[in-house]
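These are the structures in question, set out in turn.
Same chain, two partners: subunit A is paired with subunit B first, then with subunit C.
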Partner chain A sequence: MDISRREFTKIGCKIIIGATAGTTIVESLITNSIAAENSPVKGGYNWEEHFWGYVVDTRKCIGCGRCANACKLENHVPFDEEVYRTWIERYRVKKTSLETREEEVVIDSPDGGIEGFVDDIPAEEIKKAFFVPKICNHCDNPPCVQVCPVGATYTTKDGVVLVDYEYCIGCRYCIQGCPYGARYFNTEKGTADKCTWCYHRITKGLLPACVQACPTGARKFGDMLDKDSEVNKIIDEERINLLKPDLGTKPKVFYIGLDREVK
Partner chain B sequence: MLDNLIWGYVYPNESEIQWSILIVLYPYITGLVAGAFIASSLYHVFGKNEIKPVARFALLTALSFLLVAMLPLLVHLGRPERGIEIMFTPHLTSAMSGFGYIFSFYLIIVVLEIWLSFREDIVKKALSSHGWKELLYSSLALFSFDISEKALHDDEKFARKLAIIGIPSAAFLHGYVGFIFGGIKANPWWSTPLMPIIFLMSAIVSGIALLILLYIAAMKIRKHAIDHKCLQSLAHYLWIFLILDVTLELLEIISMKYASREDIDIINRLLSDKIGFTFWGVQLTLGILIPFILLLMVNFIKKRDTLKMIMISISCIFVVIGVFAMRWNVVIGGQEISKSLVGTLTYVPVFFSQEGVLPAIIIFMLPFIILRVVTAILPPWKDMEEETQKLK
Partner chain C sequence: MQPHLKRAFTLLALVIIAFILVRSVLVPESFGQYGWYRGDSVDEIRNLNVNYAGSTSCGEEDCHKIIYSVWVKDRHKTVNCETCHGPAEKHVLNAREPLEKADESREYCGKCHFKGIARPEEFPQVDPETHGEDLRCVYCHNPHKPWFV
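And then the complex of A and B:
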């Protein structure tokens, strides 16, 4: 291969310029990312400007299980283990004679409701039935954060309760402390694990996977700092309820149409 | 198979029991520590001279169990290598975060207390032995060989002060373990302000019972007569603490049943079905009622020391089993009810696994081995054998 001196110089110059420019660009990217880590604004997301809330309209849930399925897919929650970041409960109140007045309630959540539900009680025996989607309440006063002995679980500025998998010692005290059964043990990581409200999605302006997947709008997610958000409208206008409000955990999942049987 | 173990509705994430037999062992062992220490302070602080023969032995027992108290927790962690973070970055709102500090503080007190009460022996041994033994005992004496009357008197005064600090810290060590459970509002079976004090009383009961058993066993092995005055005095204290213990345990159940809150149905099911046998049968009848009656009879029988000794031994064996059942009923029982309050689970112990029965047995054997080693280095037998006869 014959290369003239002129051409050789040209290629040489290109390499030198390229290398210099390349390192400068890489360097500036690194500096930027370090700066971004230290500032509250990350990739355009400022966690001080948001405070997330979640609404479940139990009247709309049809128990299709798409939410629970989407959650496992999105967050790599093992399908072959009995662990769930979100699940659907089915409540069926059976008919009883008027004399006894004692209600028989059958509650189930086979496989978290991922595969939907089978009618194993004849319709004529049922007085009323409904589905209740469950998810971490991301409590304002979270008992799981309170009991963590090393502070590996924490509340973000935008109101999401997360687990630091690099720090959790796996004592499972938080799993005991959660009154809602929302936490589980991640056998692969050896740490506690839970719903993050798809933090990796919501900080990019996307919806949590379960909300995205819901075909009926039974699950709603939004910013409580935004006056016009759907979540705020519902909280302002509807009669809402919380799960186990007497425990003082101050959940941020708000329920519409919550029956007294729901625990 | 899973379906047979679950009754009613439990939250999907609850299908696995999180805290296994190792976590039953943890409060059991710390309880024995606290109990043995408090037994020794009956002599060291309250000057009950009849306890003197076992006072130093009780301290060594407390140390042997204390050294393994941390182990079941560590083995149980999902990431044991990060366990030390509890010391470096404790999250102070957590009841569990203080454990490392309380444990270490208490360990220091127990070690100091032992050192002071054995110092005279250590120095004498250092001065009378040669070779590696001399080195061992000299270093144990911290190369300070002053055993003049004044020095020993100062030791005693300091030891007494330490024991006075020791009692609240022993109480704290174990009361605190109770609070780890009592502070969990999510669990109706755990969440009670009585939990720390119930734990403490049962700890004292189990510690004294263990001490009596170890004392009798040691004397049998060493073929030495038993100091019946000491034995019966210990049995008397055991009896008093049994009464306090059962009062609190029953008070908790009675107030739960009387108040009949939302969770009463599931508590009733727990008590009648899940832990019915271990609670009413083992914890209360075998572990408290029978020993209570036996020890009461010991108080009334005159002379017949051998019979009394047999009755006391049986009581102590039952008490030690009963307190283990109590820990089981709290730790496992609390997890066998679902937080949905409408379902129960069943814990099936596994034998061979990180959290199985086998590691639990191994961990529970360790303190006895440690005690054998410690008593070889610092023999407490002189105290027990001074006034009694060597048996042929």
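And then the complex of A and C:
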């Protein structure tokens, strides 16, 4: 093709201008319905003023299961299915010979701990035993949100990971993506489901149902933006740990007295 | 411009317009309001009904003031009303809505107080085999004002 330098420059400029203008127009058409509005949620609650955090003191947990029971009642989680938004795990480390140095750990959580635990291993065989309450960690870097193909799960400004029950297509990818097993499939709704830290309660000034139901204060909930909150005090003063910190999920459930066997 | 190119560009334009139209119909209005999700869903979850009212709503009015003042000073003050009595929001909103009687069985008290290997040692526990025969715990212990040996 024969083309002068002047012609080439002309065509080149036209193409560049056209491409830029074209994409800008299309882009603005797509986004014009989506106002870049970043206002907080309405109704007397400003989600930019809060950032929630949760503390579990495993040394205080007595394994009564009132938390898991209250959670199911508050959030209409089916009782006849083995699904939980929060549950209690029991860890029993068995005595082994000093030579092997390998630990045998029995971990169970019958019905999430709601109906209690039966001592089915003789006490003489057990080295140590303890309960660990589990709940969604509401990670700051949540893998479950990353993998959702439709944008049906998200993190709110105040740091809570929620599921949009209208928008979820029930592909269960997030359930696979959660390294803590905190999500489940709700057969009644046909969507993925999970702990919301009782978002409908905390935005009204109430505590999550599990925290309120705990008789020993093993579960604490509070605002990490409030420097006087109990949660902040514990994080500042106690020796705390996270579940699977090496995954980089940045959990917001802080544990006191976590054993190395707890994953 | 050559006619075949014209046709191709027209077709491309139509496809783009159709895409924009279909997208504007399918994507909910509030999608992208706060981020890559439906903004309305936050309010939907926020507006869900509360079932647990909290202990203060039991003692606030004159309703259960006496028992509340006993409980709030005693050792079971960390055990909220609804932990044993069940979710009471409906009852708080409408006093005529009765609340189920609290479970007074031995097994219910045992959920916390029966001996368990994994329980913290300092937590008050009893061996159900040797303690209290088959009597209900509330026969000797007042759950609102328990006494300890």
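Basically, the second predicted complex is superposed on the first by the 223 of 263 C-alpha atoms of A that agree within 3 Å, B and C clash if a C-alpha of one lies under 4 Å from a C-alpha of the other, contacts with A are read in each partner's own complex, and residues count from 1 in each chain.
Rule of thumb we're sticking to: contacts are C-beta pairs under 8 Å (C-beta built on N, C-alpha and C of every residue); 3 or more make two chains touch, one makes a residue touch a chain.
Fair warning: this is a prediction, and the values are worked out from it, not measured in the lab.
Q: Is A:G151 contacted by the first partner subunit B, the second partner subunit C, both or neither?
A: Once the two structures are laid over each other on A, A:G151 reaches both partners.
Q: I'd like to know which partner A:G170 touches here: subunit B for first, subunit C for second, both or neither.
A: first
Q: In the superposed arrangement, does A:T216 touch subunit B (first), subunit C (second), both or neither?
A: In the superposition, A:T216 touches subunit C alone.
Q: Touching A:T203, do we find subunit B (first), subunit C (second), both, or neither?
A: Only subunit C; A:T203 stays clear of subunit B.
Q: So in the superposed three-chain picture, is A:L242 touching just subunit B, just subunit C, both, or none of them (first/second/both/neither)?
A: Once the two structures are laid over each other on A, A:L242 reaches no partner at all.
Q: Tell me which partner A:Y180 touches in the superposition: subunit B (first), subunit C (second), both or neither.
A: Only subunit B is touched by A:Y180; subunit C is not.
Q: In the overlaid three-chain picture, which partner chain does A:P143 touch, first (subunit B) or second (subunit C), both, or neither?
A: Only subunit B; A:P143 stays clear of subunit C.
Q: Which partner, subunit B or subunit C, touches the larger number of subunit A residues?
A: In the superposed model, C touches more residues of subunit A.
Q: Under the stated touch criterion, which partner chain does A:I126 make contact with: subunit B (first), subunit C (second), both, or neither?
A: Once the two structures are laid over each other on A, A:I126 reaches subunit C alone.
Q: Give me the intersection of subunit A's contacts with subunit B and its contacts with subunit C, in residue numbers.
A: 151, 167.
Q: Residue numbers of subunit A touching subunit C in their complex, please.
A: So the residues of subunit A in touch with subunit C come to 26, 29-31, 33-35, 37-38, 41-43, 45, 59-66, 70, 73-74, 90-92, 116-117, 119, 121, 123, 126, 129-131, 151-157, 162, 164-167, 196, 199-201, 203-204, 206-207, 209, 212-217.
Q: Where on subunit C does subunit A make contact in their complex?
A: Contacts found on subunit C: 16, 20, 23-24, 27-29, 31-38, 41-52, 54, 76, 78-80, 82-83, 86-87, 110-112, 114-120, 123.
Q: Going by the contact rule set out above, which residues of subunit B touch subunit A in the complex?
A: Going by the criterion above, the answer is residues 8-16, 18-19, 73, 76-80, 82-83, 85-86, 89-91, 93-97, 99, 180, 183-187, 335, 338-343.
Q: Could you list, by residue number, the parts of subunit A that touch subunit B in their complex?
A: 82-84, 87, 89, 105, 107-109, 111-112, 134, 143, 145-151, 167-173, 175-185, 189-192, 247-248, 263
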